[in-house]
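Take a look at the structures below.
Both complexes shown next keep subunit A, but they swap its partner, so subunit B is in the first and subunit C is in the second.
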Partner chain A sequence: MLEIRFHGRGGQGAVTSAELLAEAALTEGKHAQAFPSFGPERRGAPVTSYCRIDELPIRLRTNISAPDIVLVLDPSLLKTVNVTDGLKETGTLIINSQKGPEHFVHNHKLHKIATVDATGIALQILGRSITNTILLGALIRTIAPVELSSITAAIQKRFDQKNAALNIQALQQAYQETKILNMPDYPTQENQFADAPAATGENAPVQPQAQSLWIELELGCLITNPGNSKTYYTGSWRSFYPLLNKDRCIKCGICWILCPDAAYTQDTEGFYPVDLNYCKGCGICAHECPTGAITMLQEKEAGV
Partner chain B sequence: MKKRTGMEVSFAAAEAVKQCKVDLIAAYPITPQTHIVERLAEHVANGELDAQFIPVESEHSALSLCIGSQAAGARSFTCTSSQGLALMSELLYITSGLRLPLVMILVNRSLSAPLSIWNDHSDVMSVRDCGWIQLFVRNGQELYDHVFIAYKLAENPAVNMPVIINVDGFILSHVFEPLETISSHEAERYLPPYAPKFVLHPDDPVTIGAFTMPSFFTEAKKIHDESLKASYGPILQAFQSWEHISGRSYHPVEKQYTQDAETLFIIMGSLAETAGEAVKIMREQGVKTGLLTLRVWRPFPFAELRRAITGVQKLIIIDRALSPGGPGGPLAAEIRAALYNMENRPQILNYIAGLGGRDITIADYIRMHNTTSVQETGYEIYDQKGAEANA
Partner chain C sequence: MPSLYAVKTLPSQEYFASGHRACPGCGEALAVRQVQKILGRNVIVASATGCMEIVSSPFPLSSWEVPWIHVAFENAAAVAAGIEKGLEILQRKGKIKKQKITVLAMAGDGGTADIGLQALSGALERRHNILFICYDNEAYMNTGVQRSSSTPFGASTTTSPAGTHQAGQLTPKKNMPAIAVAHGIPYVATASASYPLDLAAKVRKAAATRGPAYLHILSVCPSGWGIPGDATIKLGRLAVQSGVFPLYEVQNGKYKITVPVQELLPVQAYFQPQRRFRHLHPETIEQISQDIREKWQELKKRSDKTN
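And now, the complex of A and B:
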């Protein structure tokens, strides 16, 4: 059985990619299942989805904790989520990144590490940073659990004609551009741990599922420190940030009202500066600003 | 002997609630609970009780309101029956999960359909797993007493659990009978003011009712289960300290004529009184039978029950509720489970009886006792006419 885990952000289509992959496997006569991590996910929050492919019927109803393949749909996740958690020693890691795969060597026993600039391709072809189908292109190129034609068939079944065509174009470009490192060929001393995926970062959000955490539960699970969402830095979810052009701003406060994470506060001049600790990069403010004073810009990947 | 007063049982309950000096009462009228809350409304209206009486638009709101007021530090009370309890059901689980020491009197009435306003235990059994302490009383005196006991127990910092006091509708709630009351001084001595560890207050905010991830939910439920089991000791303490005040002693499992009994009736609620009379008559005829009455249904009194039935050959368990298509009545099903690992388990006869207000007479108990029929399905829905015809 092949077990694949997708790491994405709420709204990037991690669940759709798992389902497309399962659909593709089914069209090849295999057995497959796809499922999301169930929970209170919201746009921008780290999410996971899963896919299993096998020749035999699949009867497991558990999360995938030791995947054969890990796909990372958003490079910013590497700093906040332990994406390689449980990845099999002989597994494969595929990352959306502008950097080459040698930057992500953390375990020399891995089978393959691959990277593709999925965000760049997505912006260029789809006009927005939805990277899910694009990573599937990289997956097929790297390890081919299903045929490319099966994935394109699944995309055609799922999307309308126009979107299917664009997604297939993006997927094929990713297939061409994916950079693959065959670990057995890789010199063991060079570049070791360069940008190894990290479990924690400066603004790493609290991992709600942390298993080893000991917490004394108060009577009735009452919480004695209310307002603790202030310490939950949703800013670490961001792959785009809003830039304000004060010359255009009419101080209407619409950005402040509509920001789902209350990242805006008003300053003494009446402008609304953003607190990037909490801005998760959803783009609602830029979309709703009546004068177009806010532009969303892509966060730079560290070291690029 | 103290002075006895004749009183309708519902009014006795209202008197006890008044003497417990509750801060808030929220209720919606439903037969046969009405006399209790109407009397409380009078007490509040005429200034005898300094409390908020909030006539809400539904039982759902009644319990919601009590959850809020209890969380804000107010000693609260609600009261319902049957469909009213069903409408409260989601909030019952919330009250206990939040560990709010609310007290409710449930005037037991059957659940519709067919529509019936009369007594059985189908209402409380439908929320058996709601996580409250659940007590049953046999007479007006016990109901009066258990209001004090319930608040004492619920608010005990080692317990912090809501309590349901079950009282049979009409057949007990609407009976005028004699009982002893305690003085307001004695009431104050028994029940100190409510002093919760946390209250909802803007000066010192807390969050209650927050959501939990799978990594903590099981632990929260485990604590609930352990706390409910651990309330058994405080229940005994509350009974004991009540005995000091009132001279009346209570036990989780009440025993009558159990000395060398070969057979035992087991029942809950006011029908235990008639059953006791039937047992007395049979004893006079030389029949070695006795009676157990479960006063405490949650936490289930496993150890005390096992001790009480040791050496007995046959149990006649009378259930006031049916689990259609299931293993019999809930009382019998749980007792069977409790005895499963015992050596020399007694034989069990389970009668579902007294549904929707049907009378069970002394003759019925004697008939149940003398039956030799084997219950193929593990239980029998007792029907007097059939039993009489067969006799």
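And now, the complex of A and C:
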């Protein structure tokens, strides 16, 4: 059985990716399943989806914790999500990145690492940074769990004619441009790169990995630590961040009262600095500031 | 027009903590944050399921800095009623200190106008000393945008789709504030997070009311309405300025428009940015526009009569 995990952001189509792949496997007479990880995460939040493919019926119904293949749809995720968590030693890592695969060699034995500039291809062909079908092109080039023609058939079935044609064009370009590193050919140990996954960018909040195996529950599942959601940094959802120009700020507090994430608090000088650990980058503050003191700027992508 | 700086008079303390998982630009989370600021520390919240429950309490984390109980979809008002009676009896027996504790029930439009309506009606009719807040984002958003009886006429949702057979929601929006008023309760009001001072004043009044109070807050939902996250406040303003969602209160049966609008904006200004209304034909919009103007005149007449 082949187990594939997709890492994307809510709204980017990670679930569609998994479904297209499963659909393609089904048309080849294989057994397959595709499903998202259900959680409270919303648009922009890191999400995972899963796909299983086998020659035999699949009875497993659990999330995939030890995948054979990991696909990363959004390079900014590398800042905060441990994408290689549980990835098998014989496994393959495929990343949307402008960089070559050698940049992602890390302290982990793998079979193959592949990269493709899916965002670049998406912007060029689709006009939007939707990378889900494009990464499938890289997957098929790297490991071919299904035939290219089965994927294109699945895309044709799913999208209208125009969008199907564009997605297939993008997928084929990705297929051509994918760079693959065969790890057994690669001298390990000495070659460890600084910007391997989990590198931290400038504004990168550090996501606590509070995954203790045993939690003592209070009676009735009481949560006895009020407001402990503050340990969860929603700043990692952001693709734009607000920049304050203090010269224009009149200290009116509008940004503060209108932020859904309570990311602003007043400092001793009366300004409202933003807490980037929580700001989701919605842009409300910039839109509503009466003097135009706030500008939304694009986050730099980690390791790019 | 209040001064630009007036929002600084609102409490700096937060009771709805950061780290919640609402979508970027969520108007419902913003409204909850503003409401809790005003209600302060002495409050017990009973929260029906829906977006706000899901995003604020992924176990073992919670965004609530006050006592908060997650209850089922249908019975927020019943649970709040029970809490209120329990507090009353414990205080009377001297088991806990006598003090003012606001008991708040909150629910989405589904949890209020649909499945929670029976429990709500009961709590209002029995005159429980509770505050009920409906966070109305005009559909069942948590489960992926299904219509509710509070979805406006014409809006496209996954269960009232716009297509060749149907142009979105076929029924008019249920008038929940009117239903609350019909129970003869002392305080009913509409509010919007785009008008934080008006909202704060109403939450204060509602919390100070002896007996049931009902607040209906229009909560802009970028994901379900199909707008960018930074347009949330603007859409809330347009809803008020176009007469789609007038801000008023009804105190002991007396109506008062709290945010007067001299000249209503065309409803198209409110519809145009939203994907859920994109399919509407000009004739349908004209028909909706007429309806809104009639309702606005009716509300103005009621408001003028009592002022």
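Note that in this section the second predicted complex is superposed on the first by the 195 of 304 C-alpha atoms of A that agree within 3 Å, B and C clash if a C-alpha of one lies under 4 Å from a C-alpha of the other, contacts with A are read in each partner's own complex, and residues count from 1 in each chain.
In this section, contacts are C-beta pairs under 8 Å (C-beta built on N, C-alpha and C of every residue); 3 or more make two chains touch, one makes a residue touch a chain.
Keep in mind it's a predicted model, so treat the numbers as computed, not measured.
**Q** Would you check which partner chain A:C282 touches, where first means subunit B only, second means subunit C only, and both and neither mean what they say?
**A** After superposing on A, A:C282 lies in contact with subunit C but is clear of subunit B.
**Q** Which partner does A:G44 contact after superposing on A: first (subunit B), second (subunit C), both, neither?
**A** In the superposition, A:G44 contacts subunit C only.
**Q** Which of the two partners, first being subunit B and second being subunit C, lies in contact with A:N182: first, second, both, or neither?
**A** In the superposition, A:N182 contacts neither subunit B nor subunit C.
**Q** Once chain A of both complexes is superposed, is A:K230 in touch with subunit B (first), subunit C (second), both, or neither?
**A** Once the two structures are laid over each other on A, A:K230 reaches subunit C alone.
**Q** With the two complexes superposed on chain A, say which partner A:L219 touches: subunit B (first), subunit C (second), both, or neither.
**A** In the superposition, A:L219 contacts subunit B only.
**Q** Who does A:N245 touch here: subunit B (first), subunit C (second), both, or neither?
**A** So A:N245 meets neither subunit B nor subunit C here.
**Q** Quick check for you: in the superposed arrangement, does A:Q124 touch first (subunit B), second (subunit C), both or neither?
**A** A:Q124 sits against neither subunit B nor subunit C.
**Q** Can A:T265 be said to touch subunit B (first), subunit C (second), both, or neither?
**A** second
**Q** Looking only at subunit A, is it subunit B or subunit C that touches more of its residues?
**A** Partner touching more subunit A residues in the overlay: C.
**Q** Pick out the shared contact residues on subunit A: the ones touching subunit B in one complex and subunit C in the other.
**A** 39-40, 215, 221, 223, 226-227
**Q** Which residues of subunit B touch subunit A in their complex?
**A** 97-100, 160, 197-198, 205-208, 210-216, 219-220, 223
**Q** Considering only the defined contacts, which subunit A positions touch subunit C in the complex?
**A** So the residues of subunit A in touch with subunit C come to 10, 39-45, 215, 221, 223, 225-234, 237-238, 250, 252-254, 256-263, 265-266, 275, 277-278, 280-284, 286-288, 290, 296.
**Q** Quick one: in the complex, what on subunit C touches subunit A?
**A** Of all residues in subunit C, those touching subunit A are 4-5, 7-8, 10, 12, 14, 16-27, 29-30, 33-34, 54-66, 193, 196, 222-223, 228-234.
**Q** Contact residues on subunit A for subunit B in the complex?
**A** 39-40, 208-211, 213, 215, 217-224, 226-227
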